[in-house]
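The following pair of complexes shares a single chain, subunit A, combined with subunit B in the former and subunit C in the latter.
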Partner chain A sequence: MSTTPATTPSDDKQEKRLDESLGNVKIQSFHMKCCLDRGKLMEALKHASNMITELRTNQLSPKSYYELYMAVCDQLRHMEMYLLDEFNRGRKLADLYELVQYAGNIIPRLYLLITVGLVYMKTTPGSRRDILKDLVEMCRGVQHPLRGLFLRNYLLQSCRNILPDVTVEEIAGDGDGKEEHSGTIEDSIEFILLNFAEMNKLWVRMQHQGHTRDKDRREKERLELRLLVGTNLVRLSQLESIDIERYKNVVLPGILEQVVSCRDGIAQEYLMECLIQVFPDEFHLTTLQPFLHSCAKLVPSVNVKNIIIALIDRLALSKDIDLPDDLFDIFSSQISNIIQSRPDMILEDIISMEGSLINFTIKKINAESKREESIDSVLQSTLNVIKEKCNKARIQYRTNIGKELLKFLKLPITHGTQDGQTSGIAPIKMSLKLKVFKNLLKDVTDLELQKQITLSLLNSALDSGIEDKIIEENRLTLEEIEIFLSELCEPLVKGAAPEELDGMLDEDFVDEQLLLSRFIHYLLSPICVAEDDLDFKYLIISSCKKILAPGGAKRVRFTFPALVFESLDLALKYSKRGSEEDAKWDKKCTKIYQFVNQTISALNESNCPDICLRLYLQAALNASKVGLKTCETLADEFVTKAVSIYEEEICETKERFSSLILIIGAIKEIDFKSAELKQPFASQMPLLASKLIQKPNQVRAILSSSLLFCDDSTISPEAIKCIKKCVKIASSMMDNDLKLQLYIEILAHITLLVSQENQELLEQMKDLNEKILEQKNEVILSESLEKQYNATLNFLQSQNISLDK
Partner chain B sequence: MSFLTFRSGADIDIILDGAENRKLAEIKSEDGKKDRYYLYYDGETVSGKVNITLKKPGTKLDHLGIKVEFIGEIELYADRGNHHEFSSLVKDLARPGDLIQNTSYSFEFVNVEKPYESYTGTNVRLRYFIRVTIVRRLSDIIKEMDIIVHTLASYPEVNSPIKMEVGIEECLHIEFEYNKSKYHLKDVIVGKIYFLLVRIKIKHMEIAIIKKESTGIGQNTFNENETIAKYEIMDGAPVRGESIPLRLFLAGYELTPTMKDINKKFSVRYFLNLVLVDEEERRYFKQQEIILWRKGEKTRKQIQSQAPQSSEVK
Partner chain C sequence: MSKTTNGEGPTQESTRRLTIKKQTLDDAYAAPANFLEIDVVNPVTHGVARNRYTDYEVRLRTNLPIFKLKESSVRRRYSDFEWLRNELERDSKIMVPPLPGKAWKRLMPFRGDDGIYEEDFIEERRKGLESFINKVAGHPLAQNEKCLHMFLQESTLDRNYVPGKIRNS
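Then we have the complex of A and B:
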């Protein structure tokens, strides 16, 4: 192609030239066949030669040349068939083999020589060795890359079925002691290796011919032609007599020598991958050392990583063969060898190469401890390389290296787990077992990258949930939990929290913290801890608190509630055991409530009174149920705290109302036996209620607090007082609609109390109903209100209570 | 001459002994056609019969004697009239007298020396022929018959390969090797061309066989070069370290043995010309003389052994 005119021939021109050439091939082949039909071999050969002369062109692109080549080859098959017949008619092929060599031009001469030589070899097996040698040698005369490649391809394709595929021993075994045997596998190997070497040289040479500005086009053309070179390797792989020994001692050294010495990136990369693909796994296993050793010697432009990965992946997928024990060590040392010898290799490639080694480890090393040890050693060497290459800079998540490293780090934790279990707690367990894993995270990655790993660990645990199969050996020890939370989860539990924007926290931050809080629950689920190991659970909870507390207000807001709930749950469990099972249960419970109290107080620092209030109430309710001697005092204390938060910190109207309702509900639910404790709350509630700003809320809150003065048997006068107060407040409303609504609500509320006959209450109801009826004349009831009213009336009717005066 | 012959009324036929078994050989005639004549070797006896047939039977043909000659001569085309006979043997067949009837004479030139090979070149011809002359007063009746002589050589005692390194400084260095320096006419030239340095863009390489014929001596020397064979041996540009094979069968080409200073009249020498052509069609070449010789064939022995047999029959 070097001789093509400076301008690239346009497609049109190409097509025209190709058509011309194909036309000539057609004409000449027609004449050739006519002559063959009439038995005029000499003339037929002349036409064949003319036809082949078309292949002398240097005007065609590789693609067009290929088309032309195929057309010529097709026609040469006719010649071959004819010559076979000729032989059967008694013609001496040796003479013919000489005769075609008079052709003055080398291209037609060699194509014809190969064609005749093939027939010669087919009909006279004894000639094979010499003819093969001669043909492959004579082809040296074509030094033009494109023409040479196709000529040698013709040679290789023509000879494919007659290459000797027997060993010397097999021939000797036949025992007929022929002096001129028809060749052995050695002859075939020599033939192909030589042809391969020559083709590769031609192929490589293409790169260096012509203008530099055509480099891209040339590389493209070279890629189009690579199959021609690779076919040599395919052919070798198809020879059955090549056993492991022969491959190791003859075939591979020959190929590698050529590949390494050609010093051409495109060729080296293609041929090494080709080697991996065409030969069986067993062969690769025996020849890892030389193969990998050669990889280290390839030119810098070769992406060695692809080759290594292809090899490792291929072996990782291999079935039915026993891999040697030291395979990992070989890979490992050769990879570091390659990294050493190629200082320009980019970090991404190194990482992905190490990654494939991990992949191999996971798939092929069955012994658990050995596997973990191996993965650790890969992690360690990766860590070393990164440290060396990055010069203390951390790898940023948003770079290519970062992405590659993330992928790499996920490998051992998403796949490297026992029993094929790749989810649940197992990845976390694995991340802790691998000694270097956290170092790698902490030493060379930026926070964001580390966070991605943390999140993926948490997600994998939470995605499979607590319904997962329990595997006891996967459970974490307390120490592991502490390390995991404090070190691996560092990006979530430590550091500066983002600034609030318009009072809103960053969405991602919130999601992360919620994930963390879910994980706390997960840690206390049966997946992670035995259901009855309450002491351990307590240790987990308090450890968590210790680790999470420094995270700051914005974080504990999300994580502490989880701790509180888990603690309360734990207290209940202790109380269920009672003193028979656990003599110290009450002390433990008390301790838990102290812990809860501290936790909520600490939480209160972070400006979330609503949450703290609810948690206190929850604690109060919980404490009231555990059956401790001190339970009412405890509950009292928690409620008091809730009330004081209500009084001091909750100011938003709606929030105040709903908090108050909660407090009232909690007090009612706790149902203090000690009047001493109950009374102050009961009397305080209506007061607090009447301090609410909106009247309807006042009414509703007072109505609720009225229930504090009633129990199953009595309705205290205070309750009636409350109701009266409500009616009074309702009457004072300006808005008639609202007034009527409140009346109906009050009436409905009273129905809660009618089971106890109370004359005063009945009077109240009658008055109220009168007012309702009165109002109804003026205001049209809304549908829902009408419904509520009717339901109330129906209920009273069913209780045989008449509101008629 | 035929007119004269007709008038004189006698035809001469020369019939060589053992002609039916003798091989024929081809040689170019002056006008470029190919003639086939009987083939003889040096030292072989040339014998046969001369038949004289009278055109008009019964008419007397008087003559001054009848002779048969064996002649080897060199004709230089530049010097038409002058034929240089290097070999001339005469036998008288009849004394002067009258021929009354058709007559037949036997003749024999025993173990004739035929030192040179028959040759037809561009400027020179070397031929052997038998001439029968009926000497007459006015015009002789003459009949000539060409034969061809091949000179055979035995295997050269010294036949070292030709090896040579040539080049243009900083541009092209090659080393070539031809397996022999002396080839017989059916031989194969086997060689290799190594490229030690290639800084020019070579397009192809060919080898040519050139025949150099020189005639005359001194200032009157004529040189004639003729390319007998042109044979492409490489397509495309090699790189340093490449070695290109050469194999050229000689049997298919019209070659003669190398002839040196034949009778001080002419020489025919052969050269191998290795030519490299670059992309600008510049030609780089190196000529190297090879000696060609004719190897005796197996059939030669048959002929020799048959010759005495046939004479025995006689």
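Then we have the complex of A and C:
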């Protein structure tokens, strides 16, 4: 059964107690001010003491206590002002300083002592050294953590403007030779260091107060109070006479001594970070060794990583100072020191610490080769640590370590590149330049994590696109391309492809493969290869094929088409050069077509006949344009392959129709000069068309193929035969709507041919029109059909062709 | 009120203090040497009808050398606390604090509720017992009594024990 500890006052009670105390402060301070107005100092001190007595409570939480403390401090300012006036009226402060020591209770006594002491020091500079020392010693009288911390905070705040900030030499320089001076920087340092040590002690001790079960709440309260302790360090940093030497020899050792000996995680972590934040970069640079050395000595619960990262980041951002050349080496060796001395440190923390080191090299090492060398050395030591700690297990992407490692690996490739290029080809180039990078991927990460890196490299390249500024040094060599594709892209290029579900491939898999195919185009863009270096492009393409082919049917389906298109583009470019520029251009083109042919055949293993058919037709069209002697033979060969795929592998009705239309279109476009090549195709098409399953498709395909028998000057009888056949098929339709639609389509088709006079064709048209008119009586035409029909008639009229019998 | 004596300024006079020994760092940051924490928790009601009673777990943690065990846990009922209080009253020289009340009214028959077995009552009594035992066990003189140690650290309470003192060795 859990119980609420009696020592935790509820919020309501807190508020009530605070209100009561604040009320008393108000009353007492009112009386105090009245007495001061009437010049009754003794009475006023009595009321001040009563007011301060409220701070004796142990019923308030730190937050409420702070509020009360602020109220009391405000009122004590009045006392201070009055005392300053009193001094001017001739009152001896030494007497007063002694007088307030008769206050009965220690809390009011010390607050008043500080208040009077402050006025004393302000008015009598010669007293400073003794009073400062006395006050900071006297405050030892309060050992209750919360009360002590606030008392000492009052001391520190009160004295902030009168701390001596001059050196002995400066005083001697003034030359008045007085033995009794008003203190030097050494006095201030001693004062603050002692106050700091005492406050830290109280703060650390707070954890032992109260019941163990309230520990969490106490830790939270302690964190709320950390600023009180840290203010000492801030005050030190504001003293201008503290130079590097004093910092190194007195201040820092004094602070580190307390930090290390207190053996308390909360205090150590906060104070170390505080040190980093409050003192200037130059100071840190001169004291790296002792500072980092102390880091290694902190208790295990301290997250040293945060401290190291804060320090490195701070120096990485420094602008105005020259960093020593060996700074990287110091950090590097101290970090491995810390890793060694803290065997329990978790891997995430080690990785993020190494990451900040990479961050440092990126920001502060300007020489490129040195920077890469440094990054490589960080990668290497990280690799070693991971190997040692993971014991051959690979780091899984879906763990915290995995996420940290991913972040770490992205650092050098996205920010470490030349000219701060964070996108485009630069990250890829960087990933190849760093020798250890791919080892990290291959040796200690799981496939998923590797894939994330691959994807981020590809995406950063593709996102900036081919419009990016061209930087020739960043282009990859053939060897680099091969390494990149085969090793860094391994997760996309190799391995078992996912099983198909209901004939559908995994969506992510498809996206990845499409990304890869886009990247192939990117590799052949001007970003990666000079526009006129065609031979190199060919090498890239054939390398890609070699690397991608083992990926299996499911992958090449997405990547090979890119290779085919790039090859065909290359062939066109060679042909534009012609023999004057490149004596071997024709041989090279022929080789490309062989390559294209092989690639499409290989692709055909992937069970994607529709893609292969289109690629063959594309190849045929392309070959017909390059002006090789053999171009018609090549085109013929490609079309033949397309047709054979059509006959053997395309089964689906719709796909068959659209494929056939594509074949017919391609043959028409290629426009074979040699009748020997053209004739067989031309006569084959109507036959294939009439084998289509649906009659409307038969009609449309036969109509298309009729164009193969016509050219600008002749309409061969075969064309007329085709049209007749179409009319016959249409007539045999049962569905009158469809029949009429087909008639209108046929009539519209014939208008393509009417530029040449042909009596037989005219007869056909007249017959057809008669049939249309006849059907129109029975069927209501749809709006679009009506439109098409009228357009046809209008066109014929404009050609002066009459369909009247 | 002091007067300025010759040769010394006013400051020296009003800040003249006893010299104290400097605290070592180890002392400054050492954990307290008098840690003692006793929780009274987990009340359980056993038995039925006349044999019904409630007992509590008394759990102790300490670093005081006088305790044989640094951590211990025993189960005690209200009458055991009464016994301890009587022993201390008789043998030790301390003012023994009172126990939470006997709740006579709750022992009356024909009540509508569960009497002393009501949850709220048990919780209230638990708090009272916890505060009682912490006060008692924290007292240096009580810490010398054999009965206290038996009460806190022996699993069964031997009421026929020989009373005596324990010396801190």
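One rule holds in what follows: the second predicted complex is superposed on the first by the 765 of 805 C-alpha atoms of A that agree within 3 Å, B and C clash if a C-alpha of one lies under 4 Å from a C-alpha of the other, contacts with A are read in each partner's own complex, and residues count from 1 in each chain.
Going forward, a residue touches a chain if its C-beta (ideal position, glycine included) is under 8 Å from a C-beta of that chain, and two chains touch if they have at least 3 such contacts.
Just so it is clear, the model here is predicted, and its values are computed rather than measured.
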| request: Based on the superposed arrangement, let me know which partner A:G148 touches: subunit B (first), subunit C (second), both, or neither? | output: first
| query | Is A:R56 contacted by the first partner subunit B, the second partner subunit C, both or neither? | reply | first
| said: According to the stated criteria, A:E98 is in contact with first (subunit B), second (subunit C), both, or neither; which is it? | reply: both
| message | For A:S731, using the defined touch cut-off, is the partner it touches subunit B, subunit C, both, or neither? Pick first, second, both or neither. | response | neither
| Touch check for A:E257: first (subunit B), second (subunit C), both, or neither? | second
| note | Of the two partners subunit B and subunit C, more of subunit A gets touched by chain C
| message | Taking the superposition on A as described, I'd like to know which of subunit B and subunit C A:D130 touches: first, second, both or neither. | response | second
| message | Quick one: is A:H211 in contact with subunit B, with subunit C, with both, or with neither? Answer first, second, both or neither. | response | second
| request: Considering only touches as defined above, state whether A:Q799 meets subunit B (first), subunit C (second), both or neither. | output: neither
| field | Overlap of the subunit B and subunit C footprints on subunit A, listed as residue numbers | value | 3, 98, 137-138, 201, 205
| field | Residue ranges of subunit A in contact with subunit B within the complex | value | 2-3, 56, 98, 101-102, 104-107, 109, 137-138, 140-145, 147-148, 201, 205, 209
| Residues of subunit B touching subunit A in the complex | 201, 203-204, 230-239, 242-245, 247, 249, 252, 279
| For the subunit A and subunit C complex, residues of the former touching the latter | 1, 3, 6, 92, 94-95, 97-99, 124, 126-127, 130-131, 133-134, 137-138, 180, 197, 201, 204-205, 208, 211-212, 257-258, 261-264
| request: Show which residues of subunit C lie in contact with subunit A when the two form their complex. | output: 1-2, 4, 9-15, 17, 25-26, 28-29, 31-32, 35, 37, 41-43, 61, 123, 126-127, 131
